[in-house]
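You will see two complexes here that share chain A, one where it goes with chain B and one where it goes with chain C.
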Partner chain A sequence: MKKMLVIFSTPPYQNSHTVEMLEAAMVGAVFDFQVSLLFRDQGVWCLQNEQNAVSLGRRTVGKVLQAMPAYDVSAIYACAPSVNAAHLDPSRLKPLPQLLEHSAQAILLAEQHFVLSA
Partner chain B sequence: MALHLVYSIRGFSACHPRLQQEDVVVLLADGVYCAVNPTAADNTQNADLRVMTDDLEIRGLTTVSGKRIDYPDLVELCTQHTPIISWND
Partner chain C sequence: MKFTIAVHGAPYGSFANERALKFCQACVASGHEIVRVFFYHEAVLSGLNSTVPPQDEIDVTQAWADFADTHQTELAVCIANGIKRGVLSDTEQARYDKPSPTLAQPFELVGLGQLIDAMASSDRYVEFPA
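Let's turn to the complex of A and B:
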């Protein structure tokens, strides 16, 4: 099975990239890729609990993320230094990610066949 | 071995902590500004640093770290490495 990693590095509502990348992840899973998600730098804000983008007239990234296991996308990682830099409480992130240091991220990257990033 | 395509200075900052030995890093577009820094090669953690010649010339850069490449070289690198990762922060 081919491995695909999708990397998120921007805040969830800065542009449409986050939702588009999540849709790409779903498509990858539908085509039997083993899909993982990595949130780094400002992208860790995508994991903030209790998002509600109704007032923006946009889809709520947090809710889309919580639907990912239904597409067999359950490997969700976050950059540990980025989570610390953002002063986020890892236990309150949703979905709960596995925190990775930079060295572990390098190994994760090396395992992939395809990497999408925005 | 991964091929890292770095398009910006911030992209380089995001890329270099996540490098493994023997990875190849290509600086292109505004990423070539990182090649002006003489320590850029040291920051690539023993990865192989390449710099796109066209993008250097566009920006008037001459003295840089890394080996200069052209587009055919880039295509060849793309055929030789998996995965290919873009860093465009």
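Let's turn to the complex of A and C:
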């Protein structure tokens, strides 16, 4: 099974790229890729609890993320230094990610066949 | 070696297309194969048939068309990203009752599965962000 990692580095509502790349992750899983998601830099805000993008007229990233396990995408990681820098409470992130230091992220990337970025 | 190329950056709003095109040209010049070029996010605008760049600037759409014609390469525009940004094939123009089709030849509107399928049969996947 080929491994595919999708990296999210931008804030969830800066543009539509986050949702569009989550769609790519879902299709990858449908094609039997082993898909993982890594949130880092400003992308960790995608995991903020209690999002609501209705007032923006956009899809709520948090809700799309909640649907990922239905596509067998359950390996969700977040950059620990980025979470700390954003002053986010890791226990309140949703879905709950596995926090990775930079060295662990390097290992994760090295294991992948393909890396996509949003 | 087989390559799948994904372009993410807008034409004229970024240099993603120019970088990707140069990379593709270098690949084929070195004997490699481009399985598919996939246009995602704002890069779907590279497939518009209505752009008129200044005479002293690159015509991104035509440059891709020339490359595809020379090397028999498929230029795939994500249909979901494309139609919401106004890139419409004849079929989509009729389906949504819009004034005219806007997809340049030889670009094709395709589903995301075409990106994943190309990746699955490639040795390398290379992205060109904005």
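Remarks
Assume the second predicted complex is superposed on the first by the 118 of 118 C-alpha atoms of A that agree within 3 Å, B and C clash if a C-alpha of one lies under 4 Å from a C-alpha of the other, contacts with A are read in each partner's own complex, and residues count from 1 in each chain.
Convention: contacts are C-beta pairs under 8 Å (C-beta built on N, C-alpha and C of every residue); 3 or more make two chains touch, one makes a residue touch a chain.
Since we're looking at a predicted model, the values are computed, not measured.
In the superposition on chain A, contact is made by A:23 with chain C only, not with chain B. Judged by the touch definition given at the top, the superposed model places A:114 against both chain B and chain C.
In the superposition on chain A, A:106 makes contact with chain B only, while chain C stays out of contact range. Shared-chain residue A:41: touches chain B; no touch with chain C. Of the two partner chains placed by superposition, only chain C is touched by A:33; chain B is not. In the superposition on chain A, the residues of chain A contacting both chain B and chain C are 114-115, 117.
Across the interface of their complex, chain A is touched by residues 6, 8, 40-41, 78, 80-81, 111-113, 115-117, 119-120, 125, 127, 129 of chain C.
Those residues of chain A that touch chain C in the shared complex are 2, 4, 15-17, 20, 23-24, 27-28, 30-31, 33, 114-117.
If you check the complex, the residues on chain B that touch chain A are 1-2, 14, 17-20, 23, 82-89.
Touching chain B in their complex are the following residues of chain A: 5, 7, 9, 40-41, 102, 105-107, 109-110, 112-115, 117-118.
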